[in-house]
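Two complexes follow with subunit A in common, the first pairing it with subunit B and the second with subunit C.
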Partner chain A sequence: MITSFPKLLGATVVTLKLLSLSLFFGLFIGLLFAILRLNKNKIINKFAYGYSYVFRGTPLLVQIFIIYFGLGQIEYFRSTFLWVVFKEPYWCAIIAFALNTGAYTSEILRSAFQTIKPGFIEAGKSLGISNKIIFYKIQIPIAIRQSLPAYGNEIILMMKGTSLASTVTLMDLTGVAKYIISTTFKPIEVFIVAGGIYLFMTFIIHNSIKFLEKKYGYQ
Partner chain B sequence: MELLAFGKTGWGDELFIATLMTIAVSITAMLIGFLFALIFTPLKLSKNKFFNLIANSYTTVIRGVPELLVIYLFFFGGSGAVMFVASIFGYNEYIEINAFITGSFAIGIISGAYSTEVFRGAIQSIDKGQFEASQVLGLKRFVYFFRVIMPQMLRLAIPNLSNVWQITLKDTSLISVTGLVEIMRQSYIAAGSTRDPLFFYSFAAVLYLLLTFLSMKLINRLEIKYSRGF
Partner chain C sequence: MNIIKKFSLGLLITLFLTISANADKIKIGTEGAYPPWNSKDASGKLIGFEVELAWALCRYMGKQCVIVEQDWDGMIPALIMRKFDAIMAGMSITAERQKAISFSQGYADEVASLAVMKGSSLEGMDTPAGINLTNPNAAAKKALKTLTAALAGKTVCVQTATIHQNFLDSGDVGKVNVRTYKTQDEVNLDLASGRCDAALAAAVAFSDYAEKSGKPVVLTGPTFSGGAFGNGVGVGIRQDDTELLNAFNKAINQARKDGVISRIATKWFGFDASM
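Right, the complex of A and B next:
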């Protein structure tokens, strides 16, 4: 139990890297698709809805497998410069995670944008503020505050999702835990240590979101 | 399309059976989850601090630890635990547990944690007057739970339970690591032997989408049924 701890702690770094990179890219994807969802053009709207429907309706495991095993099959794709990125399991996992969390984030942000009272935007307009500044200075700050609790849940779900990176040969926390279990046959001890690390991360994420909620809350 | 032909030449029938397996595992896991929720929801709502602690640690641990890790625990530790229990009763042979049972149990425990939270929330949001009114009317505990609280709770719980169902359905894809032949495992086998992973994994995604779409349709009907009069 004690000997496995440093190994698992080392693997936690991989998990955290995967998590932060996919959240970073996912946030941009989510924001983009949330804006597309609110677009009045029906085709753009449907496209954004389809994206989030497909990524939320299929298991993350399928998405990773399609990107990692599937895309490599296309001959043409292998000759493009993108292949440098897609041949690495590490980047494939991050792309899959980012697309997945992007779909959920877009839904969270969309509903946050929709709950903004029209009065705020009208007030901005009547003060003669340009649309761009209304968007950046009024809509985005309110939307961020509205979506914090839901986004906190999404971060925790994504942290659990990074465990799937172990299925494409990456040695993250779950990958290393599985390796130790299958070599030592001590599933319960390893589960307690690895699960404890995950729980600790959940605890930290949960509390920092609570802190942010308080800081940016209405009170 | 040849690849999806039924019979010996294609993978159509295999994938069809695998889809049925996914549905079977999801339903079993969901029911096991309800069983866990039935135990832990009262514990969560009880006034006893010790019971609260047990129920809270169950839901916190399960919801804070990756599903895959729980599945590995059951996959590698399941038969060991059963053998230990059996050895107490004097049975010392090797026992191998079926992948279906391990898988649906692991997913069931996860889904149970989510269901517990849903039921807790639903019961807590029922108006207090309803409890008091049934007491004043002198209804028996049994009647008052099943005829007064249950129908109101279900109305509130069904939309959230449909989310739990979606999570459970998607989580079953993770059981493929234990070798149970459901959609994901079958696609893996098919992709390996035909060297066409893009097609088979995309087809698996379509199957999952179909399952989520159809189950949403069914749940919507239930929702309408239980929100009569509101």
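Right, the complex of A and C next:
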């Protein structure tokens, strides 16, 4: 139990890397699609809706398998330049995670945008501020503040979701835990330690979000 | 109300019958994903050399058996946790595993081999046909050196927690980039997709895949036996279960004498892999 701890901590770094990169790309994807969702054009709107519908409606495991094993089966795909990226399990995992969290984030941000009181925007307009500045300086900050609690949940869900990276050969926290079990045959002890590390990460994320909520929330 | 009562009573009886029916049966765990050792047919039924052998051994022991499926990476923990009583899953007898469980005498032996896609630079290595790693001789040592040079910096794929992974991790062939998969099927997929420069597993696992998929998978380098590759494949049994261990050993003896093992082995492997 004690001897496995340093190895598991080392693997936690991989998990954190996967999480932060996925969240980073996912936030951009989410913001982009949230804006597309608010677009008045029906085709753009439906396209954005379809994306979030598909990625929220299928299991993350299925998505990561399709991206990793599925795309690798297509011979034409392997001859394109994209294969350089998709050849690596690491990037396949990040792409799958980012697309998945991006779908959820887009929904979180969309609802946040929609709950902004029209009064705020009208106030800006009456002061003669341009639409662009209203969007960046009023709508986006309010939307981020509104979506903090829900987004905090999404970060925690994604953190646990990264454990699926082990199914595509990555040695993240779960992957290394399984490896240690395969040589020591002690599943309970090792999984308890790994579970404890996940719990600790949740604790940190949860409290950071709480802190941000307090700092930026309505008083 | 009456219906619910009857229903729950029925449920209880069924449950009781299931438990009592399984009480004196030997439960044998297998993976069902490592053809031709053990696999599943299109309908999901377990088939393969070990499934057929398990039924034969049970007849010799005069016991009823149930064969259950278990993922490879949880095989030994599941045995220890009493999910089943015996493992027959192409599991080689190694010193490391013997620390956790007992093994019956070996019933079949396999050689391991590297596989690559046709046209790979790793094809046609200058090595003997087969090397034994228990007290390796000069030719075997030279072959390991050749392999070390050829595999440097290459990605070699294996199923997790196998003798093949242990061998690559042992450093006998230097520092290779080892990638581990949950099942052999996944290893085969990534070998074919080009993510793996080479893969290491039982030679029969690759020839079976090449035959069924039509993919140009070819064996390369020497076949491996002994050392990290263990001493044949045996039945894994809990260390305190000596009664079952003796029963299996006796049954294997008889089955071997009657030529049953070699007949079943020839049927599934295409050659006599029994021992």
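The criterion applied here is as follows: the second predicted complex is superposed on the first by the 219 of 219 C-alpha atoms of A that agree within 3 Å, B and C clash if a C-alpha of one lies under 4 Å from a C-alpha of the other, contacts with A are read in each partner's own complex, and residues count from 1 in each chain.
Everything that follows uses one rule, which is that a residue touches a chain if its C-beta (ideal position, glycine included) is under 8 Å from a C-beta of that chain, and two chains touch if they have at least 3 such contacts.
Since we're looking at a predicted model, the values are computed, not measured.
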#### Entry: First, second, both or neither for A:I66, with subunit B first and subunit C second
first
### Query
Thinking of the overlay built on chain A, is A:F191 touched by subunit B (first), by subunit C (second), by both, or by neither?
first
### Which superposed partner A:F135 touches (first subunit B, second subunit C, both, neither)
neither
#### Entry: Partner chain in contact with A:F25 - subunit B first, subunit C second, else both or neither
neither
### Query
Which of the two partners, first being subunit B and second being subunit C, lies in contact with A:A177: first, second, both, or neither?
first
### Message
Looking at A:Y49, would you say it contacts subunit B, subunit C, both, or neither? Reply first, second, both or neither.
### Response
neither
### Task
Could you say whether A:T167 touches subunit B, subunit C, both of them, or neither, answering first, second, both or neither?
both
### Query
With the two structures laid over each other on chain A, which partner does A:W91 touch: subunit B (first), subunit C (second), both, or neither?
neither
### Query
Given the touch rule stated above, what does A:R78 touch, subunit B (first), subunit C (second), both, or neither?
second
### Task
Going by the touch definition up top, name the partner, subunit B or subunit C, that contacts more of subunit A.
B
### Query
On subunit A, what residues does subunit B touch that subunit C touches as well?
69, 72-73, 167, 178, 181-182, 185, 187
## Note on the structure
Residue positions on subunit C within touch of subunit A in the complex are 73-74, 76-77, 80-81, 96, 100-101, 157, 160-161, 179-182, 186, 189-190, 192-195
### Query
For subunit B, which residues count as touching subunit A in their complex?
60-61, 63-69, 72-73, 76-77, 80, 166, 170-171, 173-174, 176-177, 184, 187-188, 191, 195-198, 201-202, 204-205, 208-209, 212-213
### Query
Where on subunit A is subunit B touching in the complex?
53-54, 57-63, 65-66, 69-74, 156, 159-164, 166-167, 174, 177-178, 181-182, 185, 187-188, 191, 194-195, 198-199, 202-203
### Query
Which part of subunit A faces subunit C closely enough to touch in the complex?
69, 72-73, 78, 87, 89, 167, 169, 178-179, 181-183, 185-187
